[in-house]
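See the structures that follow.
In what comes next, chain A is part of two complexes: it sits with chain B in the first one and with chain C in the second one.
So, the complex of A and B:
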């Protein structure tokens, strides 16, 4: 059995009267693809924000690879090996696709040599290989703000993958794209990330996507985890189908 | 005809001085998103320090080196001190508060100047005398103002553009400028980028002051005039536009100089008339782009 690479215990975070996290306990196992599902406002993104240091829980703790990370800054957490992508892709709009990847590749290194170029031969080769894996090689010279939404999503994840993380959190990697394009995006992302040996957690609303790509599923509801387990079992659970997925009839 | 040539030469020299200060202001705004009113004080302190150092060294041959050293010292000391000690605490605050804080700093630094250098005019023109005059047409002009200052301004522009567009560190600064959150998400230390950008901006203001020092009597308040004019340059170009600041510095420098010779009563208002005319047509400035509002 895989060991837990991420361990969240008793996470609590309230915004005024709304408890976005109300005692969250979750283990993410090394090498798995875990989907987080639940209605809007259930606290899914809040959880990602707490793990990546953008929000600090009012109670509870988060351990990554047996190291306490609850109070660390987003930058420190990235450097420890947790990367993320965003629901609205966070790209450097005026840079080319290649330069976006090169910046991510260089981010962990030494920035402080004022004459050193961004695109060294080695970095460009590495960036091109990464773009190839994520199906973006043909767009390398395009500016990020000229990409369609699907390519922007792919680039956002590719930049996170360029950081060579052990754990990658993706916030709705297929939101805002046509249904037909969703599987194409995930067909690119998941094999590329598995090939890299990255543990993946992704927030998703499309149950077809979840069923097809997730090993395990955790169901969020009002700041709590309602159910958690193998994808097939959780998605067949009558309570989950009725209260979260919104399908009439409790049976599968 | 001679008057016309004189106006062009004056405008060129003044534009170079204006650009040195404005480019620092626009760089700081572009990266930190703070309009630093105290930027004018850094210009003034650079000027006073340069004059003092030139006087202390006493050897005209070393006076140009003294100017550069003064600018370097003011930028390297005041930049980190202000950024770490003050601005780093207000990045997440309202723009109005940021403006008030830098205005308060400006007022304090104005008094610091009076404390250190008094209120008597200070004039040290050894660097101008060192380079001597040059003749353009029938006009004798100082090589310092007509060759050195525009050359330093042009070199500053080229180096800055090369640095920002071609080097890893420069691209990192631009990345933080475009999207601080995205930069943090890939592990870039935005705080160090802010410190670096502010120090470069402070150094450019001080260099502008050091270069201006041998051409004018230094009196309390020189920073005020410079920050207001620099703001006109930066706003006309579009906030954060470096090459644009060079063009508008030239435009405003020439406009002011032509007013001096052909409509002296308009000298003071010409830069602002130009700014208002541009902003009425293009509120984002000549080279600025309107930002999409994020929701």
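So, the complex of A and C:
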């Protein structure tokens, strides 16, 4: 059995009267693809924000690769090997797709070198290879702000993957794109990330996407984990189907 | 656009102008010095940050020359001191202002420059207030030169500094940290989640811009041989931003082109319309903003592209 690469214990975070995390306990196993599902406002993104150091829990702890990271800054956490993508892609809009990836690659290397330009031959080759894996090679010279939403989502994840993380958190990687494009995006992302050996956690609302790509599923509801386990079992759970997915009485 | 070629041709034209119109040597030296300070402003503009107080560093550079002159006789050493003083100030003030963005960044810089302006004006025993400090002409390259040769020497020095600074800044802007400046403008969150301190990116650029403004101040002091608190006044900072917009910031030639046009328009407009030269400068800027949003260098770039396409 795989060991846990991320351990969250007793996470609590409230915004006024809203408890976005109400004693969250979760293990993310090394090498798995874990989907987090749940209604809007359940605390899914808050969990990602706590793991990446953007929000600090009021109680509880987070361990990554047996190291306490609860109070570390986002930058320290990135350097330890946790990267993320965003629901609204965070790109360098005035730069080309290639330059976006090159900046991400440089961030993991000689970013502060006063001599080496961003686009060295070696870095360009590496960036092109990464773009190829994520299906963006043809768009390398396009400006990021000229991309469609699907390509923006892919680029956002590719930039995170360029850091060669051990754990990658994706916040709604298929939101805002046409239904037909969702599977195309995930068909690119998941094999590319599996090939890289990255453990993946993704927040998702589309149950077809979850069923098709997740190894395990954790169900969030009002800041708590309602159910957790293999994707097939969790998605077949009548409570989950009724209260979270909204398929009352529906057969699997 | 072949920037290097344009820079060299431009410099040759300036040299010819300085030889044909000796009185313009002084004006062009000031223009090149101003261009250096504007180059610093242009670096910050890459990050979308406008400093309304960079005259602070020009004044620090200029007053360093004035204060050090009784002890130091060589112009190059005085310039080195000017850069050191402005850089040291930038290192300290930058720690504070690099936390802020947009209007807060601009206004904080303005506040610091106005504090210095007040100090220069009030501390009469040290700065001689609004009378300013006269500076004895120093040696240049180890020689005690005549007024004419000194003017030529300083003009050449300003030209060399303009070329080398432009080349070095262009190189810096190609590095990851330089490229991250415009990334900071559009994706600061992403930068942080790549493990890069956006604040450090801006801080580095701020220190570069302070050093350039200090060098500009040193050259201005050596050219005018007189410094006054007006060097730190907010209108001077505004003038630097004005020149940056006039020249354009997309290319390293922009700040210098803007500064030269600005100084020439000012000189000729002031001679022709002594009471209305500011209005003429204002109209020039209005036309540039409306007709060429990328500044004069954008006009040249567009013309170059059109010429290449028509071949």
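The criterion applied here is as follows: the second predicted complex is superposed on the first by the 249 of 252 C-alpha atoms of A that agree within 3 Å, B and C clash if a C-alpha of one lies under 4 Å from a C-alpha of the other, contacts with A are read in each partner's own complex, and residues count from 1 in each chain.
Criterion: a contact is a pair of C-beta atoms (placed from the backbone, for glycine too) under 8 Å apart; a residue touches a chain by one contact, two chains touch by 3 or more.
Just so you know, these numbers come straight off a predicted model, no measurement behind them.
Aligning the shared chain A places chain B and chain C in steric conflict.
In the superposed pair of complexes, A:107 makes contact with chain B and with chain C alike. Of the two partner chains placed around the shared chain by superposition, chain B and chain C are both touched by A:79. Using the contact criterion defined above for the overlaid structures, shared-chain residue A:66 touches neither chain B nor chain C, since it reaches no partner. Contacts of chain A with chain B, set against its contacts with chain C after fitting on chain A, overlap at residues 52, 74-75, 78-79, 83-84, 86, 90-95, 99, 103-104, 106-108, 111-118, 159-160, 163. Remark: chain A residues 52, 74-75, 78-79, 83-84, 86, 88, 90-95, 99, 103-104, 106-108, 111-118, 159-160, 162-163 touch chain B in the complex. Within the complex formed with chain A, the chain C residues making contact are 171-172, 174-180, 182-183, 185-187, 189-190, 192-197. Chain A makes touch with chain C in their complex at residues 52, 74-75, 78-79, 83-84, 86, 90-95, 99, 102-104, 106-108, 110-119, 145, 159-160, 163.
Residues 163, 166-172, 174-175, 178-179, 181-189, 192, 294 of chain B are the ones touching chain A in the complex.
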